[in-house]
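The block underneath contains the structure these notes are about, expressed in structure tokens.
Order as written gives the chain letters A, B, C, D, E and F; numbering starts at 1 within each chain.
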């Protein structure tokens, strides 16, 4: 149902295969998820994206799990089916507990609710909050 | 510019004043931000919302700062001016460093980018990601 | 701050002036709001839009106030500053009470909250809800 | 395909079963829809949500059908599959006619169109619309 | 799974059949896509919409393919499944190459990323950009 | 009102100054817009973003103006104030005519309208549109 063909390793252009190799090595797994099989049709974007993603998602000032929770929050707000599924799976793989998932969902739901109220009443930003 | 009047303590109905009291006590500050001055026009919603918010945002399986980062992510995706300002200020107040803020913004930006790609190409969800 | 000049009656092209005339007559007021002054730069779109809007917003199977409440709900979800202000003003002009406004905002906030939860957990649609 | 298991009554924790009981009693039906079977994994959120929802959706200054129409409008703007299906079904159950549904959809579509135009041209809010 | 029945030509009301006729003649094809079969339940909206769409999408100051690319960009941002599929198909039918599709997706993804950053940091609009 | 300080050239860290230099050389202008003054607080993201943006926005299979039109479409759908202003200015600078702007806005508005209808009625994607 995708707008592009999902390319397996053997069908992918050489530049895409190199990205597949690096994904597998970085993640220490043979599994390649469909997002990258779709991106393999567009090697320019694929190379740029994977390089950026590897940098951005590496643990740093924020740990890897926290980054996944933030990713899930954005993906739900944008209603990206694929991303909700893949990053929820990632978060569990990185150790998210069911209690953490419940609190994550509760914070996300609360944020959507107060976003709607603050936007709906066009509440003026407090001077104290401005830089 | 709000669609409702921002009510100061002395102008607020009694039920709203009680919520103001609890906010000040919980947060250990005299400062009441405009969101609650707006909500004071609607005591039913205000009481329910504050009670829920206090529960949801209390540190639990996720710590207080992580909850603010998630709140910021949702507020940016929903483009809620007020909420972006207030929760960014909250996160700094809870100890967010500039390095953490940079990584937060980088993850949020990356998520918006891959959300658009996965949605745009309607990538099929991998079976491995499903429960 | 608009991306187009707001055209007053005397500056507007003749086709736009005719739409201004019809707006004033339909609404029984001399007041022309900025949206139409902006649209006056684009007479083709302006004529089509006003004609459609007059038809769609006229009381029918749904009364005029209910239509404004629905318009506000969409405008908040889309975070359209201009539209939130103008349609909230319209709803008050059509008789919305403060109690109705409180309930409107409460329903909108609740919907955003459950939307986030149902989307976040990718809840499967019940067969009973399908046609 | 959900990120959580849909819990039937017999599998649900005791606190969730009590919410199921109240839903069935309030709605006078044995049917429990999937949203609540998903929420049953998270009894804290489930209890809070059901209690809020029962209050907010009860007929008051706005009647029950009007509240469903507003809920549909938000759910479409947020593109929540589950919510669009469930609240459209609810609205028909509360007496929505096909004529009302056509007008609802027409108002929602019109609002999305003018939202885009007002946002796209960054039309300045009229002073007359401000409080 | 739609909320309305998809009406084939023979089941559609007479006014809807006339729109079907005009769609087939304008597009020089017998194929009627599901969107119009859904709209056929609402002849008022269907007539207005088709008339507007025919005007707006006709080649003018912007060519037909450019208009489809813009349509795709909006549909991805709004995450409209149906519209992403139909307008991507339309764009290919109007001659879009795979290279153009790759660049389209790259621009859309980049825009989502910088949108999130500019919104997240609430960057002040430069005076030079204002009219 | 930004959440970060807008850094002028002399205040920016050295890595940010190098990006400023490249922006000025690439665009053949001394003008640096506020977005980059904000990004200068985050040199890692700034370097990555500018490098990506220069690649993505360069004329290729799609010309420079078409890329700006697509950028505007996304920015309006995401309601990014800053991006709407900056990319509308960019498009005019790259030769967009008022007639093209009118058609751009008309297509964007139409897309938002049919997105809402297709999403609202959950219209099933035609097999003919799938790959």
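What we mean here is this: a contact is a pair of C-beta atoms (placed from the backbone, for glycine too) under 8 Å apart; a residue touches a chain by one contact, two chains touch by 3 or more.
Note that this is a predicted model, so its numbers are computed, not measured.
Using the contact threshold fixed earlier, the set of chains in contact with both chain B and chain D is A, C, E, F. Annotation of chain B and chain F: jointly contacted by A, C, D, E, touch as defined at the top.
Separating the centre of chain D from that of chain E, both taken as means of CA atoms, is a distance of 27 Å.
Here the spacing of chain A and chain B, counted between their Cα centres, is 21 Å. Centroid to centroid, with C-alpha atoms defining each point, chain B and chain E lie 34 Å apart. Counting only residues that touch two or more partner chains, chain D has 1-4, 44-45, 49, 52, 74, 76-81, 84-85, 88, 102, 105-106, 108-117, 119-122, 125, 130.
Across the interface of their complex, chain C is touched by residues 1-4, 6, 31, 33-35, 38-39, 45, 49, 52-53, 56-57, 60-62, 66-67, 69-71, 73-78, 80-83, 85-86, 88-89, 97, 99-100, 102-104, 106-108, 110-126, 128-130 of chain D. Looking at the complex, you find that chain C touches chain E at residues 1-5, 44, 48, 52, 55, 125, 130-131.
Per the touch definition, chain B reaches chain F in the complex via residues 79, 84-85, 88, 98, 102, 105-106, 109, 116. Chain E meets chain D in the complex at residues 3, 41-42, 44-45, 49, 74, 78-80.
By the touch criterion stated above, chain D contacts chain F in their complex at residues 72, 76-77, 79, 81, 84-85, 105, 108-117, 119-122.
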